[in-house]
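Right after this note come the structures.
The same chain A turns up in both complexes below, where it pairs with chain B and then with chain C.
Moving on, here comes the complex of A and B:
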């Protein structure tokens, strides 16, 4: 089966599952958990393009998420712009900021790039906290209107679920298309050997910048959806801790896999909800699961799933 | 004859070490030109300067009549000067076919939007790129390995795959950095035939940095000898072999 055919089948199965999931859930609360999971998945799919495919690192993607949320929130709540326009401006502006940040920082690699993006995240966090006149400071920005598309407000949680699910599916489809292309090959090439990539004419600086901006744009899209869902944005949601959580989602889900990114994001969003029962030792159990996951699934949920699928296929052929 | 590659007065200093001093090199269009010399003579450094991966302290590089001294490595690759590496640089996160398709980078023609939404142009170009890569794999005798992960190939075949990746770019000039390193006698023999075939069937001009004298003398049109970062001799293989300076450089230093 060709990769594009496999992607199409996978996306079809995913869309079906996504569409039916709310009817299989007994509790409305789970729908809202899934919506948050979808926000995270949109960011993590983009971040996985940057980390898993292109081999770069970012410890500041929480900031791009926050920029999307705050810019759109402020434009809509404070300046009364229509939500569609506010969201679009927020995404474009965040992309431009990523472009500006990316030019100097992507000259760095490894630990240095991690430090630079970390620094960027911290600076943005400080701005969210201190620019009280615009952002509402540490107590947050309130009164952000609900998402509206073509003049219709996305009122119920169920309809919001479908809008977010559609956005995630679009991001997944675009990413899958990207990977199986000249651009995707260039990104994967510069991951393993920058010299060999250059030797066949790949402008590595340009491709690094491209994937950095694209991942920031995806994060901003998630941020816009977030702000107009909760109606509220606070700096703590977009800080360093969240950037690290995103990184954990990428790694646990599986490097260089769009499906793994979605699985990692949904799993780690839902997990704390299920761990509530452990009360005092919740964080301990959470950490334990991460350690076990990395010990037994070194290539993440996606790697584990494909290993099981292969083992089953071998067993079936033998019978 | 016209020169495809012209290097003039190339000097490279790494800190206090002079790797190359005032080296000239002319590569005739359509030729196989070899660069030989004792270890540490600066052969790979010279290839690095040609491909733009090593910064020259002084000197110029002209490719196809254009001064490319200031052009970055990727621009030279995109212009049709493609190199391979002494230590394999395989894209280990891809299949063999994808590695070679990456080689097509410079002549696959579509933009970001085409690939994000899979336009007709995207599909056409991808089909062409895939077919082209498969032809190149077939040319080096790896067609049956197209779907394997590149890192699964044995060493000798990875070398072949690198060559397939380089010629998938349809280069005008191919720079091969010790392609016979780590190959046995039979594999080296086959490599010689492959290099000649690349020149014959695709009209590619080739620069070969190589230690294996049999290979060099068998397939080269011209041989350039470097010693301690300087030009020692340049000419047809028979003449260079008889050059007393060259004999002294090799016998005097390596034969102990």
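Moving on, here comes the complex of A and C:
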């Protein structure tokens, strides 16, 4: 099967599963958990393009998520802009900020790049906390109106689920296509060896910047959806800890795999909810799963799944 | 702005910066020997402070409590290397980073269960009577912080330059394969690096605890600052990490005093970013000449 045919098949199966899931779940609470999981998946798919394909680490993507949420929230709640316009402005503005930050930052590499993106995240998070007049400070921005599309408010959780699911599916389709394109090949070359890629004429600076901005735009989109879903935004949701969680989702899901990114995001969003039952030792179990996952599934959920699939295929052929 | 308050900012900055430097030094020791950025480094600092408080509260005399805390944290460092790092020694750098993140969550969780979520203080080692000069005041504890930092720096310098173990660890940092061929036990060196950096971090944590107080979650921010310190100084350079920490502390203290205390961390990080844009490998880092 050709890769693009396989992608199409995968996307079809995913859309079906996504559409049916609310009917299989007995509890409304699960639907809202899935919605949050979709927000995270949108960010992680983009971040996976940056880390898994372009090979550039970022510990500051929580900031882009926050910028999307806050800019859209402030424009709609404080200045009364229609939600559609506020969201669009927020996404474009975040993309522009990422572009401005990306030019000097992506010249760095390795741990220095990690530090620079982390520093950017910390700075943005401090601004969220301290610019009380705009952001409401540590206690958060309240009164953000519900998402509306073409004049219709997306009222029920179920309809919000489908809107978010559609957005995620779009982001996935776009990313899968991108990987198959000339740009995807350039990115893989870049990941293997920057120098070799440059030597055969790949404009590495431009490609890195493009993927960085694209991943920031995805994060901003998720932020907009988040703000207009919860009606509330607080700085603690977008800080260093969240940026680290995003990185963990990418790695635990499986680097360089769109499907892995979605799996990692959904798994790590749902996990704390299931661990609530453990109460006090919740964080211990979470940390333990993280460590064990990395020790025994070094290429993440996606890698583990494809290994199992291969083993099954081999066995079937033998029979 | 009079001389007294400027001096005061400098003293505060250097004191706090010394702890950042010690944390950064911890990062550097592990990075140099194993190539791992240990995100649990801040937790060692937290363990130093919290274990010191716990031992003191249990009735152990203060000097002994301090030593006990450092020793216990060292053991935790060894345990962490043995259980989480050694079995996956050949994993990719980013996987190892995630494992250390998991370890930091684990250590923080255990500390929260053991000590609760309260903030604790340790008594000052030699009283709280400030020493006054030139219009500035200095707590005797600041002298302890500076003295211990200086002592640790000197001790580490002589350890790395003139003992068999120290030179073995340095050899691992240059080329682990070649080091192994020369008969150096690379995995033992890795464990030693975790122990030493845990000890250095815990020492920083326990001497700072009287001034800044301590809680189960102070490790996150301290780890962040320590990482920033060694990036600022140039990753892999122990002197750079210590200097980077002190520069960071001074920047923070002057930023808080002269510009805005709310934005002090933001000011520090803006300067750090600008510096990285001009010098992509830190202040004292080597050029990034890399072989193709």
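Everything below uses one rule, namely that the second predicted complex is superposed on the first by the 319 of 319 C-alpha atoms of A that agree within 3 Å, B and C clash if a C-alpha of one lies under 4 Å from a C-alpha of the other, contacts with A are read in each partner's own complex, and residues count from 1 in each chain.
The rule we apply is simple: contacts are C-beta pairs under 8 Å (C-beta built on N, C-alpha and C of every residue); 3 or more make two chains touch, one makes a residue touch a chain.
Quantities reported herein were computed from a predicted structural model and do not represent experimental measurements.
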Taking the superposition on A as described, I'd like to know which of chain B and chain C A:126 touches: first, second, both or neither. second
Once the shared chain is lined up, is A:118 touching chain B (first), chain C (second), both, or neither of them? second
Look at A:25 in the shared chain and tell me whether it touches chain B only, chain C only, both, or neither; answer first, second, both or neither. neither
Identify the partner contact of A:240: answer first if only chain B is touched, second if only chain C is, both if each is, neither if none is. second
Dominant contact partner of chain A by residue count, chain C or chain B: C
Once the shared chain is lined up, is A:9 touching chain B (first), chain C (second), both, or neither of them? neither
Shared chain A contacts, counted only where both chain B and chain C touch the same residue: 193, 195-196
Can you check the complex and tell me which residues of chain A touch chain B? 4, 174, 177-178, 180-186, 188-189, 191-193, 195-204, 210, 256
Residues of chain B touching chain A in the complex: 51-53, 72-75, 77-79, 82-85, 89-94, 98, 101-106, 108, 110, 112, 115-118, 122, 125-126, 129, 165-166, 168-169
Quick one: which bits of chain A touch chain C in the complex? Just the residue numbers, please. 51, 57, 104-105, 107-109, 111-112, 114-116, 118-120, 122-123, 126-127, 129-130, 193, 195-196, 240-241, 244, 247-248, 251-252, 255, 280-281, 283-284, 286-291, 294-295, 298
Which positions of chain C touch chain A when the two form their complex? 37, 84, 87-88, 91-92, 94-95, 98-99, 101-106, 108-110, 112-113, 220, 224, 227-228, 231, 235, 262-263, 265-266, 269-270, 272-273, 276-277, 280-282, 288, 292
